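Same chain, two partners: subunit A is paired with subunit B first, then with subunit C.
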Partner chain A sequence: MSDSELAMLPVFLPLAGAALSLLAKALHGGAKARALEDSGAFIGLALPWAALAAMLPRVLAGGVSFTVSGWSGAIGIAQRFDGLTWLVDVLGLTGAGAAYLYSRGNGPKGPLFTTVYLIQASALAMTAATADLFNLFVCLEILGLASYVLVASSEKPGAFLAAFSYLAVSSAAMVFFLFGLFGFYRVTGTLSYEGIQAALVALPDGGGAIATMSTACLAAAIAIRVAVMPVYGWLPDAHALAPHAVSAILSGVLIKTPLFALGRLLGYLPSGQEAMALIGSAGVVTALAAVVVALSQKDAKRLLAYHSISQIGYVVAAWGLGAPAAMAAAFLHAFYHALFKGLLFLSVGTITDAAGTRNVYELRGAAGTLGKSGDRFRLVGVAYAVGALSIMALPPLNGFASKNAIGYLFKGGWRYWALFAAGACTVASFLKLSMIFLPARRGAPADAAGVAGSVPGLRIGGTMKASMLILASLCVATGLFADATTAAVSRLLGAPPPAGGAFTAANLLKALQTLALGAAVFGLAMSKPGKRLAAAIRGRPRSFAGLVMAFLGGLAVLAAALARFG
Partner chain B sequence: MIRRLLVLALFGTGLAGLVTKRNLIKKAYALAIMNSAIVILFVLEGAAIGSDAPLLGGAGKLFVDPIPQALMLTAIVVGVCVSALALTLAYRLYRHFGTLDIDEIKRRIGHE
Partner chain C sequence: MRRGKLLSAATGLAAASLALAVLAPVVMSDVDWPTAARDTIAADGYAATGATNLVSAIYLGYRAFDTLGETIVLLVALAGSVALVASTPGRPDLDRDGGPADSRGPGHTDIINVIAGKLAPIVLLFGTYVMLYGHTSPGGGFQGGVVLASGVIFIAIGRRAGGIGRISPSITAFGPRTLSVIEAIAFATVLALSFPGSGAALAGLIEATGASAGVAAKGVAAVGPIIALNIGIGLKVGSGVALLCVMMLGGDQE
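What follows is the complex of A and B.
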């Protein structure tokens, strides 16, 4: 098998699996249908690992560039399979595999779900590798369509509305993407990244105003998928109301793959560096602002969704620096976030299902409730603890390593302090969420309140436990062997090996400071004025028109800033 | 120039509809109108040099640029998928709430 065929396997295998499980739908249930669906899932989510393993030597040798099916470069679809592609595929397959395993226990189930899920996995791999502007458009649309369906698959009315808003906003943004694509095609007459770069360099004005405007349109349209401020508004509803397994993959994987695809594209464009720097600054603001909103939430899953925005802010901040070392830190945090946020969505989702309420201020005695649903060894509680300690960046878990790596990049500037404050608020927010494990209040109807809304007959089955166990062990392993993981990622991304390890005295001291400050913020947030402020932040007006206007505003700012640089 | 202005007007119509209309169906149509505007733009600009079909044996004729048309075939297919899904979601919301008004639906979800 040639390199280019091997490199397409992570795209084609999930598609083949999707076809198989769609066939299972035609069999109308039964053992044969189930076997067909299972083998589809195996082909789509497990076999690509073999392809990735086989690609590793080629990736370490510098990666491969090719066109799909060997068409000539002028009309073929250009692909690039390098260290970044490989790593983003690893991130996607880990998140998708674990979340799918969980869905086998707690739904959504059925061949149709599996089909859409596998189509999404295929589009993720394609997005990571594409080096062609129109193919990027198609990939993003497939990713989008699959995720609208997956969000709506929880069958809750709120989820339908969330899916509709997400669809409308990102489809409107994709029209602007086409504008940008049109601009580059008009100026350069080609659609492959390399072709565009070569043609722009040859032009006396480097493409001029059309190239600048097109860059802004493309970057803003993709920024919506990444949910960076100010275009984050669709995410909280969509991620909070989706089924837990879908929330895990949406937050863990789906908001990151477009970011790295955008990074690849901007690397070829003349004003790409400026665009990345600008979006990176927005990322720092996102990290801090979103965590404040997260701290004010009372719905457990919505709280987690706002944390996803905040954590992607960290990733975007590092990504915006553009240098290989910064990209390595950005990827590490993206990967670790996929692990611990996936874990948090799955464990908190299980708890809220068992308890029947998602209100952080009411839900108490979670450990006992879980025990009644079949969690005898407190696995879900331990999984939650691992996830929470990771996102709080406490040693020796993985969040500690990646957040310190990102902080190191910004040493001394305002960004450093903004991210430090965001870290303290994250601690406060998870102290608040952890209150669900406090014993039930005396006098409060511990069970009666819960049973009304709990999922009937929820049994925490083997696949659910297995998926949480896998994610939790990965969180611990990548934390304990943080230096080795960082070195491997740096090597794949062509970055110099990082100086010094994660577990230095300075970093440990910083973790202690963050923890102390976080505890203080937690105390303030739980006080009477704090709760009033939280209610005010929760109740701020949010409208659909606001989502579109935020996008247009962001686009205008980006275009104006790029025009000034140009 | 007048053609480009017309395309721009069509696009503006769609965008304004998406932002100001409260009816979910109208929002879905507004998206479709925006999409059509961009499709027309690609086809229009692709025909800037010539408008003859790019067929073999047509030496001496002024061909359209076929690539924008090929791209737009794909974009139309994507647009149809998006419209279909948007209408499906609107229908499911209507079945549950008995209204298509997005503000009203939002208000009721807030009360649930």
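What follows is the complex of A and C.
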């Protein structure tokens, strides 16, 4: 098998799995259908690991560039399989595999779900490797469509509306993506990133206003998928109302892959650096603003969804710097966030299903409720604790390493302090969420499993436990061996090896400070005025028109800023 | 009420002006149109792919990977819609006699039954033609598939209670089950043909059997992979769209 065929396997293996699963759907049940579906899932989610292992030596040797099926570079579809592609594939497969395992226990089940899920896994790999503008459009379309269907596969009230509003706003944004694509094709006559770069350099004005506006259109359309401020409004509903396994992959993986694809694209464009810097600053604001909103939530999964926006803000902030070392920090946090946020969605989802309520202010005695649903060894509680301590950036877990790596990039500036404050609010927010483990109040119904709204007959089965166990062990392992992981990621991204380790005295002191400040913020948030403020933030008006205006406003600001630089 | 409308109008106006301000430089530019890709395809397209219809040379040759993606978009969209339709309460119910309840509605007359039944084979034949000859004439898998789907819909309408369509409701040759099996197999075919190298392998096989020796002698690539892709896409699109429509007619409740 040639290098280029090998590099396409992470895309084609999940598709082959999807084809098998589609056949299983056509058979309408039975042992054969189940066998087909299971082998489809194995081919789609397990075998790509072998392809990635085989690609590693080639990636370390500098990566592979090719056009699909070997057509000429001027017309064919360019692909680039390098360290970034490899890492983003690892992120996608880890998140997708663990979440799928969970779905086998707690749904959604069935060949249709597996088919769409595998197609999404394939589109993630496709997005990571593409180096062609139109191909990127196709990738984003598949990613989007698969997520709309997966969100709607939840039977919760509001999920259809959440999926529809996500569809409407990102489809509207994709129109602008197409305009951007048209603009670049108009001035350069090619669709491959390298071709566009070469043609723009040859032009006297570097593409002029068309190139600037097209860059803004492309970047804004992809930023919607990443859910950075101000275009994050679709995410909380979609991620909170989706089935837990889908929430885990949406928050863990789906908002990051487009970001790294955008980074690859902007690296080739003349005003790309400026666009990245601007989106990066928006990321810092996102990290802080979203965590404040998260702190005010009473729905447990919505709280987690706002934290996804906040954490992606950290990733985007580092990503915006563009340098390989910053990219390594951004990837590390993206990867760790996929692990711990996946873990949090799965564990909190299990708890809320068992308890029958998602209200953080009401749900108490979670450990006992879980025990009644078959979690004898408190595994779900431990999984939650690992996830919460990771996102709170406490040593020795992985969030500690990546948040410090990002903080280190901004040492001394306003961004550093904004991210520090966001970290403290994250601590406060998870102290609040952890109150679900407090003993049940007197007067509350003794048998929480009998509350209306709990999933009838929920048994916390082996696959659910296994998926949480895998994610929790990865959180601990990447935390304990943070320095080795950082070194490996830096090497794959061509960044210099980082100076100093994660566990320095200064970082440990900072963790203590964050914890103390977080506890203070938590106290404020739980006070009467704090609760009133939280209710006001929760009740702020949100509308679809607001989503559209936020997108267009963001686009206009980006375009104006790029035009000024240009 | 009136204030709300005014506010909506102002928002809409602001949105439109922002969009226009960004898009105007892109669409109103007077830069020369690019010609490089056009000229390359016009010069080499036929020789490289064997397709005289250069549109199919592009979307099933040079950029077949994008087309695979678009096929997947269609697959997911149809699968999602089918799931939505299946979970919608209050769809037309089938009689025990074998016809959907709405066959008695004012829009469904004997004339429609007769014409739909008679037209079905002609439409299916035309769809097959459009699907098979995409490499030489306008058409191809996507277009042919949709025409095929309309043929299946005609059969479904023609065979309703009171109609004289020749396929009785008890025969499920065009029922949802068959359609989904065809869809799954066609998708697997398109996938297999799209994997880098498999197109070339198929072309090599065709040349080895001498089936297109005449064309190969002129230095033109065998067009077999494009025809095969057209058939796969046509069956995939046709069965998928037909499945959705048959379900909307209540056909899965037979």
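As a convention for this text, the second predicted complex is superposed on the first by the 562 of 566 C-alpha atoms of A that agree within 3 Å, B and C clash if a C-alpha of one lies under 4 Å from a C-alpha of the other, contacts with A are read in each partner's own complex, and residues count from 1 in each chain.
Just so we're on the same page, a residue touches a chain if its C-beta (ideal position, glycine included) is under 8 Å from a C-beta of that chain, and two chains touch if they have at least 3 such contacts.
Everything numeric here is computed off the predicted structure, so don't read it as measured data.
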Query raised in the report: Just from the overlay, do subunit B and subunit C fit on subunit A, or is there a clash?
Result: fit
Query raised in the report: Regarding the shared-chain residue A:Ala559, is it in contact with subunit B (first), subunit C (second), both, or neither?
Result: second
Requested in this report: Could you tell me if A:Val149 is touching subunit B, subunit C, both of them or neither one (first, second, both, neither)?
Outcome: both
Requested in this report: State whether A:Ala19 touches subunit B only (first), subunit C only (second), both chains, or neither.
Outcome: second
Query raised in the report: If you stack the two complexes on chain A, which partner ends up touching A:Gly158: first (subunit B), second (subunit C), both, or neither?
Result: first
Query raised in the report: If you count the residues of subunit A that each partner touches, which comes out higher, subunit B or subunit C?
Result: C
Query raised in the report: Which partner does A:Ala168 contact after superposing on A: first (subunit B), second (subunit C), both, neither?
Result: first
Requested in this report: Check whether A:Val292 is in contact with subunit B, with subunit C, with both or with neither, and answer first, second, both or neither.
Outcome: neither
Query - Touching partner for A:Leu178 - first (subunit B), second (subunit C), both, neither - result: first
Query raised in the report: When the shared chain A is used to line up the two structures, what angle, as a multiple of 10 degrees, is there at the CA centre of subunit A toward subunit B and subunit C?
Result: 30
Query raised in the report: Does subunit B (first) or subunit C (second) touch A:Glu141, or do both, or does neither?
Result: both
Query raised in the report: Now for A:Ala96: first (subunit B), second (subunit C), both, or neither, which partner does it touch?
Result: neither
**Report entry** Shortest span in Å between Cα atoms of subunit B and of subunit C, once chain A is used as the common reference
**Finding:** 5
Query raised in the report: Can you list the residues of subunit A that touch subunit B in one structure and subunit C in the other?
Result: 134, 138, 141, 145, 148-149, 152, 179, 182, 185-186, 545, 548-549
**Report entry** Complex interface listing, subunit B residues touching subunit A
**Finding:** 11, 15, 18-20, 24, 27-28, 31, 34-35, 37-38, 41-42, 45, 67-68, 71, 74-75, 78, 81-82, 85-86, 89-90, 92-93, 96-97, 102-103, 105-106, 109, 112
Query raised in the report: Any idea which subunit C residues touch subunit A in the complex?
Result: 8, 11, 14-15, 18-19, 21-23, 25-27, 29, 31, 33-37, 40-41, 48, 58, 61-66, 69-70, 72-73, 75-77, 79-80, 83-84, 177, 180-181, 183-185, 187-188, 191, 195-197, 199-200
Query raised in the report: What part of subunit A is in contact with subunit C in the complex they form?
Result: 2, 4-5, 8, 12, 15-16, 19-20, 22-23, 25-28, 68-72, 74-77, 112, 115-116, 119, 122-123, 126, 134-135, 138-139, 141-142, 145-146, 148-149, 152-153, 176, 179-180, 182-183, 185-190, 209-210, 212-214, 216-217, 545, 548-549, 552-553, 555-556, 559
Query raised in the report: What part of subunit A is in contact with subunit B in the complex they form?
Result: 134, 137-138, 141, 145, 148-149, 152, 157-158, 160-161, 163-164, 167-168, 171-172, 175, 178-179, 182, 185-186, 191, 543-545, 548-549
